[in-house]
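Common to both upcoming complexes is chain A, partnered first by chain B, then by chain C.
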Partner chain A sequence: MRKLRTYTAVMLTTAQSWLAYPLEAFARTSFMLVVIFVFTQLWSVTFRVSGQSSIAGYDFRRMVWYLVFTETISMSVTRVFDVIDQQVKSGELAYTLAKPYSYPLFHFAQFMGGALLALPANFLAGAGLALLFAGPPPTNPAAWPVIALAVLLAICLHFAVGLSIGLLAFWFEDTNVFYWIYQKTTFVLGGLSCRSASSPPPCAPSPSDCRSVRSSMRRRGSRRSSTPVWPPARCSPSSAGWSRWAAWRQWCIAAACAA
Partner chain B sequence: MQTIEVEGLEKRFRVRRKQPGLGGSVRALFAPRYSEVCAVDRISFSIARGDVVGFIGPNGAGKSTTLKMLTGILHPSGGSARVLDFVPWRERKRLTYRIASVFGQRSQLWYHLPPADSFNLLAHVYELEQPAYRARLARLVEVFAIAPYLHVPVRRLSLGERMRCEIAAALLHRPEVLLLDEPTIGLDVVAKGQIRALVRQLADDEQVTVLLTSHDAGDIEQVCRRVLVINHGALIFDDTLERLKRGYLRHKIVDLKLAEPGEAAPEPGLRILSADPYRLRLEVDTDQQPMERVISALVGRYRIADLTVEEPPLDEVIAAIYAAAPIPGFAGETCPFPAGEG
Partner chain C sequence: MLRQLRFVRAYVALNFAAAMEYRAAFISQILGMMANNAIVLVFWWIFFLRFPDIAGWRLSDELLVWGVVATSFGLANGIFGNCGRIATLIMQGQFDYYLALPEDALLHALVSRMGPSAWGDAAFGVLAFLIAGQLSPGRVLLFALFSLTGCAVFVAYGVLTGSLAFWTGGAEAASQQAGNALINFALYPGSVFRDWVRVLTFTLIPAGALSHVPVALLRHPDPAEVAGIVAFAAGSLALAVAVFQIGLRRYQSGNLVDLRG
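Take a look at the complex of A and B:
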């Protein structure tokens, strides 16, 4: 019980430290607005151009809210591996190791303390913008506890990986390369990894694909013109391929912007 | 019972060696070469409760490595050590409740928060009862005169103010052993004086065992009763400060103010450092000329207005020790390898 109080105190002290510079905290939260705004605009263009109401099972509203949750997590957590790496390099470890607590749990408490305020602040900022552009979240209120649990588990998983990478600093000079590998792996598993943005869309559409494109264009009141436009007439992409390609392109641009 | 007992403590590191240039880098990839660095070489000493001991040596002598082994952060390559009857590297967590360390170039205070917040956190970390913590804090705030800074963010404190808060933070849980690693580094003369006085007072009042490393001879001279000198990982001196001075530098400085003009006359064992009609400064080699004979000769020759005899500055003693071979009678075996870290 006493130990729990110790780690709670570490968590609350970290949260206090987070608030030490209100302007910086405000700026960090404002960046969430920028990211959600950019992605919202990119996805709205993607959905409009593709003419599809849903891509891979996500409609625009779901896509935006998915972004709000994932960006809230990724922007609210600290780079624990970097903290440990710096402690090893600077020798500050002499202080942190010479205390009567568990070193990993101390970092976990610090990590959670950092997320304690950043998480709701970022979520409120992102959710506000999502409400404005995409409407209310497409979930049943009964699902919210499950979402909260999923967010908590995602944070814990991210911490566990960050800690493991950080501890490599005891053997390796620089742990950034391991984090880089982890980051790219999460891109792949999270769906951000894609064919090159310059890859052409799939060709040789089936007749049904062409019908689908034409019908979607008609729905939007477009007329076929003789002016060559993308996709070129000689290589009309399948509607699914085109929408996937457009989506990936927007993602990559957005990722580059966010980076 | 001894508070700290060290017997044949040794720490060796394997260090990768690389030839200079790109070719050397490529060769090191395929055929890496290592050499062994002996940071601490079979040192032995013990420190009794309440002792204030200076632990000095040049950069890379092995001081910090020894301190890290005594706090349990580093495992030794050989030998044994007991601090408060704990083996530090095996019982580190239990030991941390009873010892404290302060590193002059690091901080345990939260940089963006006032010291009061760090103190509160440390009270939780060391599981102090609130009434006991509050009483202890009140005492430390009074002794270290840190009341004006208690609620000021650490980043806004001067180095001297911060260091007083650092030491107060280290003492919150009433440690029985205090390891100070260059606590006065970068401080001005006034702040150094305050820190030294506080450490001395603490050792006297609370019988805390203090092991102090410093490159500042003043720290050692004004705080410590005993000195350990380490060089190239080996302990080369372990005795009182007085013995260190007497045993190592055999000269004194005599400063004369004359009532009437006088001329300096060279004599065996006397070296004239400076001379003007009303003032003489002489260095006496006490091996060649006993001080009584020198003083009586000077009194007979001049009309003296004032006379002072100065001890050699400790800086000179330390510099001489670092530069010279081990002191006869105190010599430990010197390490065949250069030490890797301080």
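Take a look at the complex of A and C:
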């Protein structure tokens, strides 16, 4: 319990130091606006000139909100590898190891102190632009806690990778190269800039959701509703695929965090 | 002018010699940056495979964009490595050192650092230009010219946004994000920006003069527009120097004791 208080104090101190320079914090958030704006322009032109209303199952609104979430994660995390790299090179690591706390957990607390402040700020900035250009998020309200959990796991995974890259400084003179490759790989293959083949189908419901929708439609009989409860076309076998994909991805994230 | 060029050349040679002290790190940074840029180009390759024409913009145009922007950025940060750190130098009072010496303080500060990975950007930019194809002596000359004007725009923009620190104090993040915004706008197809955004790309975020117009001119050269880009780059540099000189009157020494190797 005392250890938890220690790390909480480290996290709060980091958060306070971020808040000490509100203009700096605002400038960091402003870049989120730039990125979402540029992506919005790119995809609006792409949708218009291609004449398609949906690309890989994503319409313009879904695409913009998808980018808001991925960019929020990417922009709210600090370059933890840089700090660790410097500490290893300067020898400060030896001094830090003698202190009565876990070295990785100390950095994790610092990392989370910054990330938990930046996450809502970046999300609000991106969401504001997305609302303006694309409309409200096409998400079931019940999904928000799951999204929050997924975002939290993603930033934990990012920390684990950053820590590992930073510690490569024991063997390599410069660890920037590894970080660049990791960053750009997540950009292209991780579906940061557009949905990749490894991503789930958009807003696919679970099989139980489909069953409940079908039964509610049966109860309504043949009456046609002007506001569909759930697009029946989405209640397809892909739901099972999505569940398997989600389970596999969560397992990978949990395994990576544990490692 | 000639003396200043000799000064810059001497500093670049010194910076290279210093970087080569850690040869493995220097080479790995260059190769790593080239790989880093290549991965982003994979995104564009996939994108243009799916959508071959974005309002008149094709994969070869995107390669030209990368050619011009990466080479300009590489030259700016390889030769004038402190162009993105002016705000930091002002905030930390590090201009004391440069002000005490006979050489122009701004030029001296700019060239006294080299970003080793920037040479990876420059090499990648040239490679992207070569891959884009349709090589001719005129086009190569234009590419070289636009790389220089792009370098001037990068340096001027860095000095301008960094000089904000003379008035606001903490402009480090603002300057850094402005630089990121410039790169971000410059690397996307120019055809996606219209109306007031297009105006923005020639004023607050000069990505239009940095890459969009040069790429259009590489396709269809027009002497008047080429002269316009050169004038824009020269004007940006003159404005940046003037703003820096005005701001320098407000500079406060940090009384910093610093050892320089």
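In the analysis below, the second predicted complex is superposed on the first by the 184 of 259 C-alpha atoms of A that agree within 3 Å, B and C clash if a C-alpha of one lies under 4 Å from a C-alpha of the other, contacts with A are read in each partner's own complex, and residues count from 1 in each chain.
Everything that follows uses one rule, which is that contacts are C-beta pairs under 8 Å (C-beta built on N, C-alpha and C of every residue); 3 or more make two chains touch, one makes a residue touch a chain.
All of these numbers come straight from a predicted model, not from anything done at the bench.
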(request) Using the superposition on chain A, decide if chain B and chain C clash or fit. (result) fit
(request) Look at A:V10 in the shared chain and tell me whether it touches chain B only, chain C only, both, or neither; answer first, second, both or neither. (result) first
(message) If we overlay the two complexes on their shared chain A, which of chain B and chain C does A:Y21 touch? Say first, second, both or neither.
(response) both
(request) Report for A:Q86: first if it touches chain B alone, second if chain C alone, otherwise both or neither. (result) neither
(message) Between chain B and chain C, whom does A:S164 touch in the aligned arrangement: first, second, both, or neither?
(response) neither
(request) Between chain B and chain C, point out the one touching more chain A residues. (result) C
(message) Is A:T70 touching anything from chain B or chain C once the two structures are fitted on A? First, second, both or neither.
(response) neither
(request) Return first, second, both or neither, reflecting whether A:N176 touches chain B, chain C, both chains, or no partner chain. (result) second
(message) Quick check: superposed on A, how many Å separate the nearest Cα atoms of chain B and chain C?
(response) 8
(request) Could you give the residue numbers on chain A that contact chain B in one complex and chain C in the other? (result) 21
(message) Show me the residue ranges of chain C that touch chain A in the complex, using the header's touch definition.
(response) 22, 24-25, 28-29, 31-33, 35-36, 39-40, 42-43, 46-47, 50-51, 53-55, 117, 168, 170, 172-174, 176-177, 180-181, 184-185, 188-189, 191-193, 197
(request) Using the touch definition up top, name the residues of chain B that touch chain A in the complex. (result) 68, 71-73, 92-94, 96-97, 99, 101, 103, 105-108, 110, 112-113, 117-118, 120-121, 124-127, 153
(message) Using the touch definition from the top, list the residues of chain A that touch chain B in their complex.
(response) 2, 5-6, 8-10, 13, 16-17, 20-21, 90-95, 97-101
(message) Which residues of chain A touch chain C once you look at their complex with the stated criterion?
(response) 21, 23-25, 27-28, 30-31, 34-35, 38, 41-42, 44-46, 49-50, 55, 172-174, 176-178, 180-181, 183-185, 187-188, 193-194
